[in-house]
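There are two complexes below, and they share subunit A, which is joined by subunit B in the first and by subunit C in the second.
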Partner chain A sequence: MDSALIPEGVKRCPTWQFLLWIGAAGAVLLWGVFAMLLVYIKGLNQTNMNNAYGFALWIWADLAVIALGGGAFFTGFLRYLIGIDKLKNIINFAVLIGFICYSSALLILAFDVGQPLRAWFIFWHANVHSMLTEVAFCLTCYFFVLCIEYIPLVLENRQISKVPFFHNLSHNMHEIMAIFAATGAFLSFFHQGSLGGVPGVMFARPFGFREGILVWPWTFFLFTWSAAACGPCFTIFVTKLTEKIVRKKLVKDDVIELLAKISGWMLTGYIVAKIIDTWYWAAVTAPAKGFSLMDFYTNNPGSAYGIWILVTEIVLCGVLPALILITNKGRQNQITLWTAVILAVLGVCLNRWVMILQVLSAPVLPFENWFPYFPSWQEIATTVMPLAYGVIMISISYRYLPIFPQEQELNPIAAPSSQALKAEPEAAELQAPPEEAPGAELDPAKA
Partner chain B sequence: MFPFSFEWVWDMGHMVFHGGLWYALSIIGLGVTYCIIKAAVETAKNKDGHQH
Partner chain C sequence: MKHEKAKKFGMVIDLDKCTGCGSCMVACMAENNVPFREDDTDKMLSVFWLHVYTLTNGKSFPNYEECYLPRPCMQCEGHHGHSPCVSVCPATATDYDMNTGIVSQIYTRCFGCRYCMGACPYHVRQNNWWDPLWPDGMEKSLNPNVSVRMRGIVEKCSFCFHRYQLALDQAYMENRRELEEHEYQTACTQACPAGAITFGDLNNPAHAVHQIAKPDIRHGGKPGNPKAFRLLERLGTNPKVYYISSREWVRRAGDNYLMNEGKVRRS
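Coming up: the complex of A and B.
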């Protein structure tokens, strides 16, 4: 039915199967939309946020997807500015993941501001002393950059690229993509950093407070570093997951291994810096504020924030994946590669949880207790919604756009014989390369 | 916010924040405009045979 839209030389599942898959993800999306409407219509009383938790699940999800979307800016930086040509085989997918992550982040922020109609206030009535203002500026601009990086992919659709203007536009955008990539890297450096700067400058909350350089606490640099290290891991993870789902190889191993190696060394550098930062904070910064390290990890309900969380973040989800990714054997073995990228992804999500929610949960005055928080179902539904949105976006993009340049080479399609065409016309239509499918008559060049 | 808005103050905060914002938006806007105009000119000249 839609074979005319499918890229040439690749095979896709039948339309009914595709629609079923999209329908399943769409059902989850609708659940999120329902919760979103409740939040919009009834207000933030639909959440479990309170005076202790001005930031809650949404802001954690926001920071987590922004960190995971960091694969787009860092891979773009490596591809267009450093000139690592091999990464051209995965940059499209990294851009798509970045686009999904950042559009999700903006969507989540639209719930969190409470009155979305006033979202533009941050641009017009900007508080120029707030790191979050800088985050809002950079986030919006970088989303524009991601749109610009994603649009040429859309324009490369088999039918759209037949329109000469769109074909030329796509080509021209590719030509100056380095400028957009540089702008994206600049914007990402600052908004990733400023997100880390927010807990770092809160001197009234010793759990998050850090020293630093000029106006930038160490967390500013750690957040940017961790996004650059773990973002590509998320790109690898989603690529591998997509390969499992579609049951075909989409990117060559040497490309994955190169990105994993770069990511591994970035992660190693980050985790060393993180260990030094943690040690200095525990030995100098926190005691100067009247706290010992264990004050932050004891006497909380159910030991939800026990010392295990620090060990998990730094050792299990930091040191271990870094060690795996910097070794040839670790990268080449599929089990260890999967383990490393999953741990790195979990690690950066855990770090954002700690720096957003544990900071708010820990008591700061002697008479205070830990503040417990559990999100409402509306918060959970609206946080799960971007996952469904991501599945739909990836599925549609994979089906209709040339996202993976190596797919055709890795999965050659044999032309069906004429006998097979007569015997099973329906099956042959699904198996045939799109240029031989019924929709091909739309191609004026062939007509 | 623009420098001619009544809320604008010529201090470092406004210049750095809004200067950065307009700088980034200018690069993005000029880049896209360049691509669109070039594509329109090339299309008008029937120069659509680029190979990727």
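Coming up: the complex of A and C.
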């Protein structure tokens, strides 16, 4: 039914199967939309946030998806600015994941604020001293950059590309993509950092507060670093997951292994910095304010924030994946590669959870206790919603756009019989091994 | 017009006198049109500008002791007006007034991001989780000098700033530029039956608050009175609410200490 839209030389599942898949994700999406409307109409009383938890699940989701979407800016940085050509085979997908993550973050922010109609005040009455102001500006700008990076992919669609204007537009946009990749890297550095600055500057919240350089607390740099390290892991994870779902190889192992290697060394550097930061905070910063390390990890209900969370974040989800990813064997073995990228993704999500939720849960006044929190179904539904949205976006993009340049080469369609060749001479052209993978056209150097 | 010396309005609360009656809370809610709900039992969702905590010494009978601690907004000055909540607000909806030392909240500008709530260690700032509704007829008793707040924005104690404005208006009408100490007093101060709350200008040596707390302006306002303390002094928030107690355990309950500093472990 939709075969005219499917890229040439690749095979896709039947339309009914595709629609069933989209329908299932769409149902989850609608559940989230319903919850979102409830929040818009009835207000934040639909959540389990309270006066102790001004920030909760949504802010964590924002921070987490932005960190995971960091694969877009960092892969773009490596591909266009450092010039690692091999990454052209995964950059499209990294951009798509980044686009999904950042649009999700903006969507969540739109209903997270108490007065959504006033959200523009953050730009109009901007307080330049606030980390959130910097986040809002950089996030919005970077989202536009991601749109610019994603549009050429859409224009590569078989039918759209037939229109000369769109074909030329796509070509010309690829030509200047390095500029946008540089802009994206610059913007990302600041908004990833500013998100780290959100807890880091709260000097009256000893769990989150960190010293730093000038106006930037150490968390500013740690958040950027962790996003650059773990974002590509998420790109690898989603790529591998997509391969499992569509049951075919989409990106060559050497590309994945290269990105995993870079990610592994970034993660190694990050985790060393994180350990130093944690040690200094525990030994100097917190004691100066009257707190010992264990004050933050004990006496809380059910040990929800016990010392296990620190060990899990740093050792299990930091040191271990870093060690796996910096070794050849670790990257080449599919089981250890899967383990490492999943742990790294969980680690950065856990870090964001701790730096927001635990900051607010830990009592500061000596006569107060830990504040427990569990999200309402409306919060959960609206947080799951971006996942469904992501599944739909990836599914549509994969079906209709040449997202994976190596797909055709890795999955040649079986040669048809001679009768079929006579019947469909056009199809014969598709069977011949391509001289250049279609996605290679996306490379500005060859476009 | 002659430039007047900057004020630094502050409060001293004598915890030895406080009986925990809650009059200050009631007066505050009535004065400032603080909304409430039919079922307001979940205090984590309630809005209250002033909250009275119950502190205990952690010992059992007969050594058990308790103390009530009223907590308005601390109006933190931080370092040169860098209070924890003001600097984080992305929309400049809150401000530290260097002329009065009061941290303001602009309700019509706040868009409800709630960053300030997270930054405040005293839980002074509260979000309006619901639209304010008053029982039929009760809206007629609302204070016309204080605007009511809508759903989805953050509010907090203002040291009854509208009273300061009204007192200034009166003084200007009488061709005066300075207020007498009694002309600007907060609702909680006047409502306290035990006289536990004292309010005034910490910069003015003639005012009672200055004489009781003896703030050392050169050292971040630290109290010179050995019986006085401030909540979470070590965080550097530089609050303008001082507490007085003759009991050491009460004074130590106002801050956090390490084990080697004689910390009493939380239960």
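Basically, the second predicted complex is superposed on the first by the 416 of 447 C-alpha atoms of A that agree within 3 Å, B and C clash if a C-alpha of one lies under 4 Å from a C-alpha of the other, contacts with A are read in each partner's own complex, and residues count from 1 in each chain.
Just so it is clear, a contact is a pair of C-beta atoms (placed from the backbone, for glycine too) under 8 Å apart; a residue touches a chain by one contact, two chains touch by 3 or more.
As the structure is a computational prediction, the values presented were derived from the model and not from experiment.
Legend: residue contacts after superposition of the two complexes on their common chain; A:144 is shown touching subunit B, with no touch to subunit C.
Look at A:201: by the touch rule set out above, it reaches subunit C but stays clear of subunit B. By the touch criterion stated above, A:303 is placed in contact with neither subunit B nor subunit C.
Legend: residue contacts after superposition of the two complexes on their common chain; A:334 is shown touching neither subunit B nor subunit C. Of the two partner chains, subunit B is the only one that A:187 touches; subunit C does not reach it. Once chain A of one complex is fitted onto chain A of the other, the partner contacts of A:179 are limited to subunit B, with no touch recorded for subunit C. Shared-chain residue A:171: touches subunit B; no touch with subunit C.
Between subunit B and subunit C, C touches the greater number of residues of subunit A. In the superposed model, A:129 lies in contact with both subunit B and subunit C.
Common to the subunit B-facing and subunit C-facing surfaces of subunit A are residues 124-126, 129, 133.
Of all the residues in subunit A, the ones that touch subunit B in their complex are 123-126, 128-129, 133-134, 137-138, 141, 144-145, 148, 156, 164-169, 171-174, 176, 179-180, 183, 186-187, 190.
Interface residues of subunit A, counted against subunit C in their complex, comprise 43-45, 49-52, 54-55, 112-116, 118-119, 121-122, 124-127, 129-133, 136, 198, 201-206, 287-292, 295, 299, 359-360, 363-369, 371. For subunit B in complex with subunit A, the touching residues are 1, 5, 7, 11, 13-14, 16-18, 20-21, 24-25, 27-28, 31-32, 34-36, 38-40, 42-43, 46-48, 50, 52.
By the touch criterion given at the top, residues 42, 44-46, 53, 55, 69, 76, 78, 84, 87-93, 109-123, 125-131, 150-154, 231-232, 234-237, 253-259, 261, 263, 266-267 of subunit C touch subunit A in their complex.
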